[in-house]
Amino acid sequence: MNNILVIDMIAVILLLGIGLYTLIVSRNLLRMLIGFEIMAKGVTLAIVSAGAYNGKLALSQTLAVTAIVVEVIFIAVALAIVMLIQRKKGSLDVRKITNLKG
Amino acid sequence: MLLAYILVPLLGAAIMPILRKIWQKGTDSVPILVTVYQIIITGWIAYQGIVLNGSLNLERWILDQVLALRLDGLSLVALLAIGLVSFVTVLFSLRYPLDEDRRPGYYALILLAVTGMNGLVVATDLFSMYVFLEIVSVASFILIAYQYDEFGMEGSFKYMMLSAVATVFLLVAVALLFAITGGVSFGELAQGVKTGGPVVFISFAFIFFALALKSGMMPFHGWLPDAYTASPAPVSILLAGIVTKIAGVYTMIRLVLEVFGFNSVFMNLLLVVGAVSTVLGAFFALGQKDFKRMLAYSSISQIGYIMMGLAAGTPLGLIGAVFHFFNHAIFKSLLFLNSGAVETATGTRNFDELGGLAEKMPVTGTTSVIGLLSTAGIPPLAGFWSKLVIIVALWMAGFKFFAFIAVFASIITLAYLLLLQRNVFFGKIKQGLEGIREVSPVVYWPAIIMAAITVFSGILFPLVYDKLLNPVNSLLGLLAK
Amino acid sequence: MENVILLAILLPIIGAFILPVIGRFSAKIRNITALLLVTTSFGASLSLLGPVLSGKTTTFLLSMPLGFDLILTADALGILMALASSFVGIIIVMYSFGYIHHDANQNEYYLMVVLFLGSMIGLVYSQNLIFIYLFWEIAAICCWRLIGFYREREIVLKADKAFLITVFGAVAMLLGFVILYSQHNTFNLLEMQGKEASSLAVLLIMFGIFSKSATLPFHTWLPDAGVAPSPVTGLLHAAVLVKIGVFAFARIFVGTLQFDPVWMQILPIVIAASALVAGGAALVDTNIKRIIAYSTISQLAFIFLGLVMKNPIAIAGGLLFIIMHGLAKGGLFLCAGIVEHNAHTKDIRQMGGLITKMPITTVSFALCALSIMGIPPFGGFFAKYMIITGAVEGGNPWIAGVFILGGFITVLYVLRLFALVFLGEMRTDLVNVKEGSNTMLAAVVILGVLSLLAGFLVHFPNEFIQIALEQMKVGI
Amino acid sequence: MELHMVLLIAVTLIPMIIAAFAAELIKSVIALLVGSVGLTLVLFNLNAPIAGIFELSVGAGLIAVLFILSVSLTRPLAKEESAERKRQHYRRFYVLPIIILFLGLILYLNKDFWINAFPFTGAQESASFGEVLWGRRGLDLIGQIGIILVGVFGVIVLFRRGKMNE
């Protein structure tokens, strides 16, 4: 069982890496959200494989389900805001919406 | 009983669309009732000293396994702060020019944010904490973008992305800990953490990173001034006053106390990050020309203080951190209230266009002086006691250098706040501003309430200590050794 | 008896916040209430004198968590300071009736003045370091608002500067207190009696004391603070506020803690430098209030010298000079206020010959000036004499020599000031200058006469100071 | 078992890389969908059918629908602009597959460390999904209600056309 966990964890780290890379490098708001989605998949995998490893599968599944629900709501709201930005500025380019200094 | 903290605001939010149809006025009063209820109940619990003596009375508040909720000294302080800040936010919103059609939705979101914060505070497991954290965050994104202006959207999107990264890291850490401990409640996690090993270390690093991001500590602070500045005035009160503190600072204190204990590597890191935030935040604030941005950087700096107090790792430091947490909620929301009042009265937040407002807006001017003196830690206001306790704690714990930093950062704090005071309130009235008047009582009464709390919790420090801070000591029993 | 101490402190502090409320209805009642508050506080301190003269102290104790106990003790040193400052306070409140009655923000003015006096009295009775700090900072807040009273941009800048410098010193001092706490595990001065303070703590506390008492590296705020209304400068920057630092030194280092002997070498040098630099600045400046402010800095050095010397004569001289300087310097500032108020200028080159137009002011100014210069038989003479004698006896003849030079410079610049303002040709644009209002004149006359009387009757304060020395366990 | 797992992981990971790499958003979204389906298979393979079904229906289906809706609502770019955009895009992303490969290799070579890092040997739990969900995770359910309400109100607040909109 241990080997499976390790394979899964490597997959999780890779998913997080892909997602984070996309989030940082991308200049398109929608693609940034896709990056977040990729990371979120990694999270789901991490939770379930942890449960599969320590035998608490039922618990891990409930956690994963909750996490997915939260993620969907997050994406829905984020997409709504992105759509508003697009409507306001006519663009999804991150460089065009940075007015604030940070 | 404790469940009411979650359910009451949740129900309040849920009935908003119905109220909007049948009783338009009720949409204003329900949020006020809900928040007042929270203040009264929490104040009553604090006054009765129910959580004063630690574990014995603690048990009464724990429901069975279905809903493991708990109220202890730390959550008591947090709940009181949430109640107060959301109360003044709602009060301030009453006259704030919001789109009438969407006002019920706005109140519902504020109540949901309160639900999230309350849930986070009384939860006893890490995963539930995450769920409630997410409620708070998502509600805040929407509230920041509420006015459809470009800045709001941008601030909201920045906050969203950084907070998304933070929650992902938090959840991965939860998953890692879950893998080795087989549970997600604080108790189970603390058991597993004792075994140590690299996984615990990595998960703590992830959590640390996530919470530093959430609380806007110095290397990760980019989103915070933007989000605060871009949001509508009442939302920035809520956001700056309590949301980021609960989401970042409270969670950090809670997790350190109950799960990880005072791990020396991370405490030193926290100390350094806290000191850097304290000093740099104050320096950045010094250079700002916008009322809210200055306050936002000041928030970063004050969070640094709280973190340093926590990182001292002693009971005294913990008390200082918790008290500063409470005080910061009060005085920072007071200052944001003032900035909101100035913005409504004059239509600008730029220092170059403001000046001498104290003459025309005496209440706002006076309360802002109280807020700034408390922020700078000038006695006898509340901010002084908490900073003093933090400094004493740092010194006694042997972090003398950091005690020095904490002391001298308060000079910079005073410097930028005097700059603010000079540019906005003190001095002669600027040309073109002669016609302005004090804002309406609904707007300035919240400021008076907050100022009164700041003054009285400073003067009546022994009482505050007895009723509000002493219970924090009972937490040390939970401390993971 | 214990509650009388509390009364002396709380009455002005709480009463101060009622003043603006009264002021909304009637300015007159507010003014009288302010005067009453300060007078009652003075009376309360006076009534504490009885037990002290018979050698006892009165203590009030309120237990607080974390060692922040409120401990108030009326010992001879405290009462000496409380009486001196509340007496000057009464006179200044009286003087203010005439001085500021056309200005805006009067409510805030009286609030701050009375609050300031209350916190001053609180400070002198406090025996807990935290409360010393607390009252110290309340005084700083009041001072900040009062310097910025006229609300012009440059004036507010100067107020901010003064506030920042004093708070900088104060937080350094707070850190010093924290170090003392970590050494002795208490903030209570009574429990620290006779213990050693670490050098770092001494250094940090000296930052606070020097910044408040405007001694050399931190003195720049005091001349700038002259932009405040004259009664404020008289009150805060001459008679009372700057004495807080001196008092704290007496309380903490003379009366309670021991410090490393090396400080006995360092401190006199800093102080001597301060005396000479400020004296030199006073010689060349042309703004009447700045000159008097520089004079304050250099006279404070004398007080410090007395206290630092750690020998009974010098300390007694230092304490005596606190009273004498308070009376005389308060008088000088108030006279300067009358001159400035009526002549509408602060530049001494544009004055002259005012003796014919304002004789009473001139005489009072002269009396106070003679006391500051240290001319016998005025009060200042005895004090300076004792300080110098003490310094010589304490084995620091060089330092004593420097201070004699400093005293000489004092004589020079005070004479220059007096000559330029009151003597000489009357300028044409000053022909219509009138004498000040009655309350203002009464104030300066009282101070001038007291400066003279204090010299003749130096016996009484001196005896009292001996009791203070005994209670501080100095020289026994 | 292990090989099985590695294959399924590959089925998940490769579409994800494509999702990051594809220049056109619609392709990215479809790749994300495929990756989600791969993840579902992984979850089934881990004996977590309920999470798998949820991932398939909500994580893959609903999110893909939302994304496709959003993408179709955005204005398409002009020809030359999109070509330029593509070149820039590839320039930013071409290192990603290399990084991922290296990272994966390094992690795989150090897998002994990871195996030792997880000390827990838990006992199999007998409780079913429903028992755990209703019996122990009640707070999460309340939280889910809360977050769904947030989503509903959020979309209402953000899309209701009031006076201040437009």
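As written, the chain order gives the labels A, B, C and D, with residue 1 at the start of each chain.
The definition used in the following text is that a contact is a pair of C-beta atoms (placed from the backbone, for glycine too) under 8 Å apart; a residue touches a chain by one contact, two chains touch by 3 or more.
None of these values were measured; they are calculated from a predicted model.
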| item | value |
| --- | --- |
| Shortest walk length in steps over touching chains, chain A through to chain C | 2 |
| Chain centre separation (chain B, chain D; CA means) in Å | 32 |
| Averaged-CA centre spacing for the pair chain D and chain A, given as whole angstrom | 6 |
| Distance between chain centroids, defined by C-alpha means - chain A, chain B (Å) | 27 |
| Whole-Å separation of chain centres (CA-atom averages), chain B against chain C | 42 |
| Residues of chain A whose C-beta touches two or more other chains | 5, 19, 40, 49, 51, 53-56, 59-60, 63, 66, 70, 73, 77, 81-82, 84 |
| Shared interface positions of chain D, touching two or more other chains | 118, 120, 122, 136-137, 140, 143-144, 147, 150-151, 154, 158 |
| Residue list for chain B, restricted to those that touch at least two other chains | 127, 131, 134, 138, 141-142, 145, 148, 179-180, 182 |
| All pairs of touching chains, each written as two labels joined by a dash | A-B, A-D, B-C, B-D |
| Residue ranges of chain B in contact with chain D within the complex | 6-7, 10, 13-14, 16, 65-69, 99-102, 105-106, 108-109, 112, 115-116, 119, 123, 125, 127-128, 131-132, 134-135, 138-139, 141-142, 145-148, 179-182, 192, 195, 197-199 |
| Chain B contact footprint on chain C (complex, rising order) | 64-66, 68, 104, 130, 133-134, 137-138, 140-141, 148, 151-153, 156-157, 159-160, 163-164, 167-168, 171-172, 174-175, 178-179, 181-182 |
| In the complex with chain C, residue positions of chain B that touch it | 316, 356, 359, 373, 376-380, 384, 388-389, 391-392, 395-396, 403-404, 407-408, 410-411, 414-415, 418-419, 422, 426-428, 461-462, 465-466, 470 |
| Touching residues (chain side chain D, partner chain A) in the complex | 1-2, 5-6, 9, 12-13, 16-17, 19-20, 25, 28-29, 32, 35-36, 39, 42-43, 46-48, 50-51, 54-55, 58-59, 62-63, 66-67, 69-71, 73-75, 92-93, 96, 99-100, 103-104, 107-108, 111, 114-115, 118, 120, 122-125, 127-129, 131-133, 136-137, 140, 143-144, 147-148, 150-151, 154-155, 158-159 |
| Chain B residues within the chain A interface of the complex | 127, 131, 134, 138, 141-142, 145, 148, 150-151, 153-158, 160-161, 164-165, 168, 171-172, 174-176, 178-180, 182-184, 222, 225-226, 229-230 |
